[in-house]
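Next up: some structures, all given as C-alpha cells.
Shared between the two complexes below is chain A, which has chain B as its partner in the first and chain C in the second.
Right, the complex of A and B next:
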C-alpha cells in the first residue's frame, strides 16, 4: 500500500492517531466523488488538453485521432472506475481501468515506445486536470493533490505493465534466438557441420552440444565440423565448451574438426594457453571438408 | 541374476545390453566375453549400449577392462550406440573412457573393426610399397 503524503494525511484526518496499513486508501469517498464529477463535467476539456499533452510528449509518432481515441477511452475508464466507487487502484471497481492501462502499456511496448513515454501518457492527465481545477479554492486544490496520487498510482501501474511486457518480449526473443542460432547442416554423406554464430555462453553451448550429438545419431555421420567463423571471441570458457562437445562426440564414436579459426582468435588461443590436443583444427570450412573427404577416401581405398 | 547374451556373427562377437547395467551384470559380462573370445577365436567385439540410459563410472571402467582383456586375447573392442545424454554426462563427470573405441552404430562399428583388421593384416603382410601417400600429397 502506498503511503504517499495525501493518503497518509487522509488517514490521519479520518482516524486521529490511527494506524497505517491495509485500510489506507488513495482517496476518501468524498474525494472520489468530486474527482468523478470533475472528470464528467469537464470531459471535453480534459480530453482535449490530455490529448495535446500526450501528443506533445510523443512528438507526433501517433496520429492525433488515434491518441484522442485512446485518451477518450482512458478518461471513460477513470470516470467509470471512480463512479463505481473505486478509492484505490487495487479496488475491484478499478479492475477495468487496470485492464485498460495494461493494454495501453503492452500496445506501447510493442510499438517501440520507451517506458518514459508510456508512463507520461498517464501522468499528463494531471496537467489536463489542473487546467480545469479552480486554483483559487484551497479545498479543490487539496482534492487535486489526492487526485494526483491516484493518477501517480495509475501511471506507476502502467510502468510496471510496460516492464512486464518488455520482459516477456525479451524472453521470447531469447528463446527464438536459441532455436534459430544452432542449425546442424549436412555437408556430405557422413559429414555434418555446425556453423556457430554469436557469443557462446553456457546455455547455448549446451543446446549446440545436444543438437550436434543428436544429429550425429540421427544421420549416422561419423564426422562433424564445428565452424567458429561467426564466434566473435574465444576465451577459456568458450574453448572449454567446444572441447566438451568434441570429447562427447568422440565418446559416441564420431570425430570432430574445428574450422573457421581467424588469425586473431588463433593468437588468443595460444596466448591463453588453450590446448586443443589431438583435435584437428583447420583455418576454413573448405579445408575441414577436404580433410574429412580425404579421411573417408583413404578409408574407402583401404577397404577395396 | 540377469545375463547379457553374447552373439557370434562371423568373426565378431556382438553384445547388446538391453538391461540395467548393475555391477554384478557388468562383471559377469566381462567373464563371459573372455571365455567366449577364447572359445570362438573371434577377432572383434561390438558392445551395443544404445539401450542404456545410465553409464556410471563402474560400468565405464568395466568397459575399459573388457577392451583391455579382449586386446590381450587379440580381439578389438568397439562400444557403439552411446546416447547423447550419456556422452554429455560422462564428459561432465570428466570420464573420457580412454582406451575404448567408439562408433555411432553397429554398422559403423563393424566397418571400424574390418578397417582395423585390414590395417593389421596389411602391416603383417610383406608388401613394401606404400601406395596411399604419394598420390595425395603431390604438390
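Right, the complex of A and C next:
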C-alpha cells in the first residue's frame, strides 16, 4: 500500500519551496491515494490511537465516547477528502473536511478549550498514523512525512478557525456588555436610577442617554438619579456626557441628581474646573433617594 | 526631557483609538498604585492622563504615551510623556484658557490637567507636533 518507489520524487519535492511553497500541492496524487488507503485499511486502529492521544491532551475534559465520535467523523472526513482526489486542503474535494474542521474549532472555542488544545486534536492524527506505518520501510516513512504536511495544514486551518470564532465571541460579548452595563432601574414611584459602571465612552454615553430618556417616558418619572459610584475616573469627556444627559432629561421635564461622588472624584472635578451648575449632586445613592423623596413629599403636601 | 529625575521603569503605549486611552488610564493607575500615591492623587493623575491622552488622539491625530516611574532622591512619582506629530498648538495661552475649545469639548482638558499634576511641561509649535510631560509626586 505504501510504495518505496516514490523515493526519488519525494526527495525532489523536499526541496524548500517545493513542498512548502504556496503554489505547490502538498501531496502528489499517488501520495494522496496511499494516504487514503492507509486511513481506510487501518481505520479502527487509527481512530482508537487518535482518540487516546486527543483524550490525553484534553486531560479528560470530554468524555471518551464523545471524542471517539468526533474523531471517527474527522477520520471519515480526511478519508473521503483524499479519496475524492484532494491533494491540498484548499482543494474543492476537501470542502467537506474544511467544514468539519471549522465545526470542531467552533465547538472547542465555545466549550472554552485553548487554541492549542484545539489544534492538538488534529495534530495528534500524526501520532496515530505513525503507529500504523511500517517505520522500517524508507518509502513509507517518506510518505508519512508528506501526510504530516497535509495534517499540519489541517491543524493550522483549525487554529485559524478557532481564532475567528473567538473573535466573534469577543465582539458578541462586547455588544452584550454594552447592553448589560447600562440598566435603568425604577428605584421608587417616580424615581428611576442609572447605575454607571466602568468607562463612560461616547458609545456607552449614547446608550445611557437613550435608555434613560425612554424610561422617563415609559415610567412617567419626574426624577432620575445618575449614579457614578462605579466610574473609576471622571474626566471632562465623562462630565460632558453626563451634563448632556441631564440637559436632555430636563428638556423632557425631568430632574436629574448625580450621586456616587466620592471624595477623590470631588477633588478631581474641582481641580479640573468642571462645574455642575445647579444640578444636585450627592455622595451616595441613598442620599440622592432621600433627597428626591423629600422633594416629592413636600410637593405632594403643597398640592393638597 | 529632564535627566535630574532617576527613571526606575518605563512603559510605552501607542495611542490610535479610544481603546488606547483606556489602556493609558489603566497603566497610569497601576503605576500610581505602585509608587504609592494617595487615592486622591491616583485619581488626579489618572484623570490628567485621560485628558491628555485624549488630546493626543483627537487633536494630535494619535501619538504615543510613555509612563515612567521616577525618583528625585526624596520622593517617588509618576511621569507621563505624551507625544504627537500633529498640527501643534499655535496659541498656547489661549489653549490653556479655561473654557476655550476647538473641538466641542468643555475646554478644560489641557488647563484642568495642568492643575491636577505637580509638574507640567509643554513643548509645541504650529506644524511640528506637541509633547507634554507631566509628573505627580508622592506627598
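Note that the second predicted complex is superposed on the first by the 194 of 304 C-alpha atoms of A that agree within 3 Å, B and C clash if a C-alpha of one lies under 4 Å from a C-alpha of the other, contacts with A are read in each partner's own complex, and residues count from 1 in each chain.
As a working rule, a residue touches a chain if its C-beta (ideal position, glycine included) is under 8 Å from a C-beta of that chain, and two chains touch if they have at least 3 such contacts.
Small disclaimer: the values here were computed from a predicted structure and weren't measured.
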Which of chain B and chain C A:209 touches, first, second, both or neither: first
Partner chain(s) touched by A:236 [first = chain B, second = chain C, both, neither]: second
Partner chain(s) touched by A:142 [first = chain B, second = chain C, both, neither]: neither
Touching partner for A:290 - first (chain B), second (chain C), both, neither: neither
Partner chain in contact with A:61 - chain B first, chain C second, else both or neither: neither
In the complex with chain A, residue positions of chain B that touch it: 78-80, 82-84, 86-88, 90-92, 96-97, 101-105, 107-109, 112, 114-115, 118-119, 122, 132, 136
Chain B contact footprint on chain A (complex, rising order): 209-210, 213-214, 216-217, 220-222, 244, 247-254, 294, 298-299, 301-303
Touching residues (chain side chain A, partner chain C) in the complex: 199, 201-202, 232-237, 239-240, 263-265, 267-268, 271-274
Parts of chain C lying in touch with chain A, wherever the complex brings them together: 18, 22, 25, 29, 39-40, 42-44, 46-47, 50-51, 54, 98, 105-106, 108-109, 111-113, 115-116
